[in-house]
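Each chain carries a letter (A, B, C, D and E) given by its place in the written order, and its residues are counted from 1.
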Amino acid sequence: MIKKLSSYKKGQPLIKNAYMSYALFGLFLALMPLFGYLGIIKSSYVTIIASVIYYSIAALGLNVLLGWTGLISLGTAGFMGLAAYISAYITYNMHLPFEIALVTAVVVSTLLGVLVGYISLRIEGIYLAIATLAVAEILRKTFEVFDPFTGGASGKPISYPTLFFFYKYSRADLKIFETLLYLILVLFLIAVMILVHNLMKGQVGRALNALRGSEAAAQAMGINLLKYRLFAFGFASATASLAGVLYVHYNRYTNPDRWLLALSLNLVAAIIIGGVRNIYGTILGVFIVVATKDMVLAQIPYFANNPNFALMFNGILIILIILYYPYGLIRIGADLKKLVVKIKEKF
Amino acid sequence: MKTVALKISNLKVRYGAIEAIKGIDLYANEGTIVALLGANGAGKSTTLRTISGLVEASSGTIEFFGKPIHKMDVEQIARLGIAQSPEGRQVFKDLTVEENLRVGAFTVKNRKQIKANFERVYGYFPVLQERKHQVASTLSGGEQQMLAIGRALMSSPRVLLLDEPSLGLAPLIVQSIMKIVKEISEEGTTIIIVEQNAAQTLKIADYAYVLEVGNLTMQGPASELIHDPKLIQAYLGSHKQG
Amino acid sequence: MSTFMQLFLRSLETGSIYALAALGIIIVFRTSNITHFAQGALGTFNTFVVAILFTNYRFPLWAAILAGILSAFVMGLMVDYFIIRRAKKIAPIAKQIITLGMVLVIVGVTAISFGLDPFILPKLFPKGDVMIAGASISINGLFNIGFGLVLMGILFVILQKTKWGLAVRTTASNEFTARLMGVPTRNVTMIAWALAGVLGVLAGVMYAPLNRVDAGMLDYVQISALVACVLGGFQSFHGPIIGAYILAIAKNLMSFYWSDVWAEQLVLIAVLIFIIFRPNGIIGRKIVKKV
Amino acid sequence: KKEVVSQGVTKTEVLIGNCAATSGNLANVGGPFIAGLEAYLKYVNDAGGVAGRKIKFVHKDDGFVAEAGLACTQEMINDNKVFSLVGHFGTPTVGATMNLLKETGVPAVYFATGIGQLYDEKATEEEGNYNLFPVQPIYKTEGRIMVARAVGDFKAKKIGIIYTNDDAGKDLLAGAKTQVAALTGITLVEQQVAYGSTDVSAAVTSIKNANVDFIIAASNQVTIATIIKELAAQSVNKDVITTYVNVAPAYASLFINEIQGKFDVYGNGWVAFDATHKAALDLYQSKIDAKYAVNAYAITGWIAAYYFVEGLKRVDKKTLNWDNFRTAMESAPITNPFGGVIDFKNGQRLGTMEMNLSKAALGALNAETNLYAGVWTNVKDLESIESILK
Amino acid sequence: MDELQNKTVLSIQDLSISFGGIKAVDHLSFDVDEGEIFGLIGPNGAGKTTVFNCITQFYKPNHGSIRFKSKQGKTIELTTHKVHEVIGYGLVRTFQNVELIKELSILDNVLIGGHIDFKTSFIGQAFNTKKSKAEEALYRQEAIEILTFLGIADRKDWLVYGQPYGILKKIELARSLMCKPKLIILDEPAAGLNDLETLDFAKVIRQIRQRYNCSILLVEHDMRLVMDVCDRICAINFGKFLAVGTPGQIQKSPTVQAAYLGTENPA
């Protein structure tokens, strides 16, 4: 293994074709439920990994906005929640299929996102961050008080939706639905990864980079501020709402307390500690923020019995990563490789 | 013997993997003008930054009137009386011209002195006085450059580091800057000046060093260097002038 | 009229709490370029310190508060010394996330060191009401309003008129160059963090008697303070204070005269619309970018 | 057909579990709750367990987050293979796992939340909620009782209700409305405040101006003190009733020094500490960590364990499986050692239906702080809506 | 709006703009011809950058017209257009204070200059179609050619961050060449170059004109460069017109000498 690693040239990924690597990654994720059934991993891990997946979808879109375009949004949770409620309402109260709910929820949330994008032309930096926070707060308060639609603070438990326009849920199909929805999550994640990859590697990515680096230069080079900001906001809200829809159907529940500022901040944190403008970095970051406490720390008996220590430890971890890997933990890969090479040279 | 105001010995500086300064020795006597010349990326700005403590030396020493300063903090060094007009101007963009100058005098305790310095700087650059309530970011390029130089002068420094002071200035102003530099050096301030315009600089400098990719390749009294054929070939081209 | 006055006075009291928290946020922002998401958590921690000293160690209230201020000050210094100082070269966005990490740490530490139970803190002036224009307000409330205003007035003068204030503003503008000019930016940021800590515990101590001391006590104050900063403008120190009072008053009037259910949302929408037209808040001047 | 034991059961042991928030902002509820639960189980185990089996209890922190609660519950059911979930905790977790509990059929005894979805007059096997056994009062039920008290005991005609916009407040409001609709000549003035709100003065002013006879403070925990202190500050001086969740000395202490006799604050209760139930309290206090001696959450944790153990006892030497357990739970009413009876028969899932009434009063004076501790003194014993209105 | 005369590519007429009380540009008029290298000089704060900002629409002038004969052969009144539309007509600029994206490689920075010509749609890029790939490769090729032409191709994969000032100026220039401009406006392109480099740069400017068959409008304080490469020069002071003419004429103009050059005339 060591030989193999170091035989690759510096800076070259292990798998050359990016698409191939995404496909393999997807396959790996897709096998999780199987591992769960076989008892190789705890069945709860599948649910936690699922949460890593839908939050990653939201985080990838947010990375386009935050990382590439340089606009901070603290409104992600609001958009996720909005889409979750819309989708829940359409499937559960209106008895329409999942696909219709998905499209409607994503479209509505994205339109709202685009509206906020308009605001971003006038409001910048920290003001924009807090303005988006205000938007999310407005939404969250509305989730709390608009009971007929949201179920209020008790939340909205729903059942599985009709899939593919015909496949209705019955209790006997529990496992199938669980797995199907999980696979849909994986599929969407890989699709979003490829989408972000394609868009950000090319002209769109460069345009957003330019907007971040120098608005003046970007405009002078013909980049339409409005168009690309709207795109970035639209894209981030679209992925956030996609994630929200997947959230609510996978968990069959949502409540207003889920869509707090803390979640938006966690997603920003995930991007920063995983790696700004880095696809795998984003997912790694989400894993650290969302899953370490439950999947890693909780397995250590000490932390399991002292959850407040786990909380503290998670916080310290975030701070340390930012201090020592300010460009994202994903760089640890390169460092490890270097270390392996070094060790190899020594012996 | 004149007092040595600044003495750099065997200085090395790295930016990550790149070694920008590869071991240089340099000194400046009190009240003299020392020019630091060299091509793009030779390490001139890095040298000045290291003197001010903005960049850490990887090895070597820097002494200010015999006192080692290379381990000191930036602001400590500033308080000793070393001022710099940095590359890229670095004015405080959201502060007014007046506030910028006032910060320049941050280390000066004496109010009278501050007032005198204000008058002096406004005397050198009347346009700054006209614009004293203007926010620095809206100044023209040259006006910002004047502000940066003026700000450095506000602290009545004992050693003044000027990084390309004439950048972006109109010919007339360049001439007057050179005069100003001469004038304050005659008052006893030691000046290290980095310039692209070698000919003009050598005219006012007492001593000059030439840096090439991190190494000192030439040095000598300015009056001699200005006639050195190697230097002429490297920096003055056929544009040699009298 | 007395109804209005009643709401108005109570809003001022709440506004003082928001204003203190907002001022802490703004001081940190202006010196470290960090949006201080841990302002509430730090304030909460130190309010616990006050409560513990008062309840378990039987300190007189004023002594407990002083001790809490001291602990907040020291904690602020420590945060700067151990974390912020090491993060100088890190991008501003990443720096804010450090404060998120701090929230987790502080919430954990609060639970570990003070246990899980909430505490009670009485008012500094436990008894007595005053009638003003037909509205009653407690002496303590009046004190809070007065104290808040005076404290903020002092800070305002310091920041606007003194050399220390200039140092703060240059630190925010361009820290590296400020150091080059001899501005002790590290002391400036350190004191800013310490001061923010103190303002946090003051907000906590003012708020606690209205409610109780528990882990989430300042969550809502934190968000209101952030919104107040935007409303008032991040470029000035008095803007956020004005913003805080306006926010508190608007929320109460809106929920009394309009809708108890939708007041919060309506106020936030109003704030959003306002900053679309004044993108730098009430006080903030427009930042011109010249190319 | 030969009966087999369900998962989590061995000859010597029965495994149960739950998911609760023991970190974060709700740890002050989750922590004591778990402690009370464990104390009762230890007490039972020390006495030899039930039918030769010791009860083993596992729990996990979910931080009050829905999806973490779901994952945790799956881990309990699928990986740990618990026999039953006891004291499942918190609105998000219960909400997110309701489907799962129904589908897997795992018995769940006691829910530490009052959300309305648990309320069912006739649970069935098909619907799946047949295996869910709520014990705590459900807020909707309590809201009805509050109105009954206002009308029956305080002769109020115009009732003001200040409710928080969370599940507790809203469900209490819904219950109150139901009861007002069932009565004649009673009006209800509603004011909403945000849960955790720092300033409720607008709502209080509105209620004051409405000139009501009696006030329902439909809010749990944090916000109750804010509301009552504001009522005192504005000298509204009308008696107030609040939910059972707040009927703990800690909450009375929050406001007792502020009301200064201007008005009385009453609270519903479903656990009574009066003379008849003294034995239960003594037992509890002898087994629990001293710091939780009067902690309401710890007591409810104790009760959660108690209800499960009662079911277990009834299965006794029969095969311990889910069917038998459910049948046993329904077989006869179960008396709460701290008062009240819950009857699960015929699919009734209503939680506690009888409540007592107590009043906040001054307790011991702390000389140094010059503050009184708050206590609750019993005013009326457990009663149902019908008997209150009689 | 009048069509521009045959040889005029840019015509500024009666341009005025003020900030608060300051008249930064004051009824200024001048024309630039096709294929011409035209210098704009004046003391610091004379309003040169402001003129550039008006031309490229970063500032909207208070008064006056700016007409431009576009790549497409039409006369355009620039003041009615948005900043990002200007480059589409073949007018591109560099900045006095370098405006580059530090975290990107030099090559990527240059590629940004090709933005306006990029044809593949968002959708096409999202699916990374053949066409998209081909177009990307084409522009990459072009960018490398330009970098080679300016002599910095060896650095193409380096980050912009940490590059010396002279290189930064060149990257900006390279970026502006990506759109095959008709008129390039350069704000102090030689600032930070030493004497010898400035000399080389004069050559580069002439080569650019030849290669792209374009006009160049430049602001520069280095008189040797200006006098060396410019066909005509316009001098301004306090936003007002002073003189226009060949380098020889300008050098001899007493008003320009007094306001700007000084008597100690270099070169």
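Following the convention adopted for this analysis, a residue touches a chain if its C-beta (ideal position, glycine included) is under 8 Å from a C-beta of that chain, and two chains touch if they have at least 3 such contacts.
Computed from a predicted model, the values in this text were never measured in an experiment.
Any chain touching chain D that also touches chain E appears here: A, C.
Note on connectivity: the fewest steps through touching chains from chain A to chain D is 1. Of the two interfaces, B-C and A-E, the higher number of touching C-beta pairs belongs to A-E.
When each chain is reduced to the average of its Cα atoms, E sits farthest from chain C. Of all chains, the one whose mean C-alpha position sits at the greatest distance from that of chain B is D. The distance from the centre of chain A to the centre of chain E, with each centre set as the mean of the Cα atoms, comes to 43 Å.
Separating the CA-averaged centres of chain C and chain D is a span of 36 Å. A straight line joining the Cα centres of chain A and chain C is 31 Å long. Here the spacing of chain C and chain E, counted between their Cα centres, is 49 Å.
Under the contact definition stated at the top, the residues of chain D that touch 2 or more other chains are 23-24, 27, 165, 192, 194. Within chain B, contacts with two or more other chains are made by residues 138-139.
Touching of two or more other chains is recorded for residues 141, 145, 216, 308, 310-311 of chain A.
Here the chains touching each other pair up as A-C, A-D, A-E, B-C, B-E, C-D, C-E. Across the interface of their complex, chain C is touched by residues 52, 54, 73-75, 78-79, 83-84, 86, 90-95, 99, 102-104, 106-107, 135, 137-139, 151, 155 of chain B.
Residues 66, 72, 119, 122-124, 126-127, 129-131, 133-135, 137-138, 141-142, 145, 215-216, 261, 265-266, 268-269, 272-273, 276, 306, 308-319, 322-323, 326 of chain A are the ones touching chain C in the complex.
Contacts from chain C toward chain E in the complex involve residues 290-291. The touching residues of chain D, counted against chain A in their complex, run 22-24, 27, 60-61, 63-68, 70-72, 74-75, 78-79, 91-92, 95-99, 103, 115-117, 128, 165-171, 192, 194-195.
Those residues of chain B whose C-beta lies close enough to touch chain E in the complex are 15, 18, 37, 39-41, 87-88, 127, 138-143, 145-146, 164, 167-175, 196-199, 234-239, 241.
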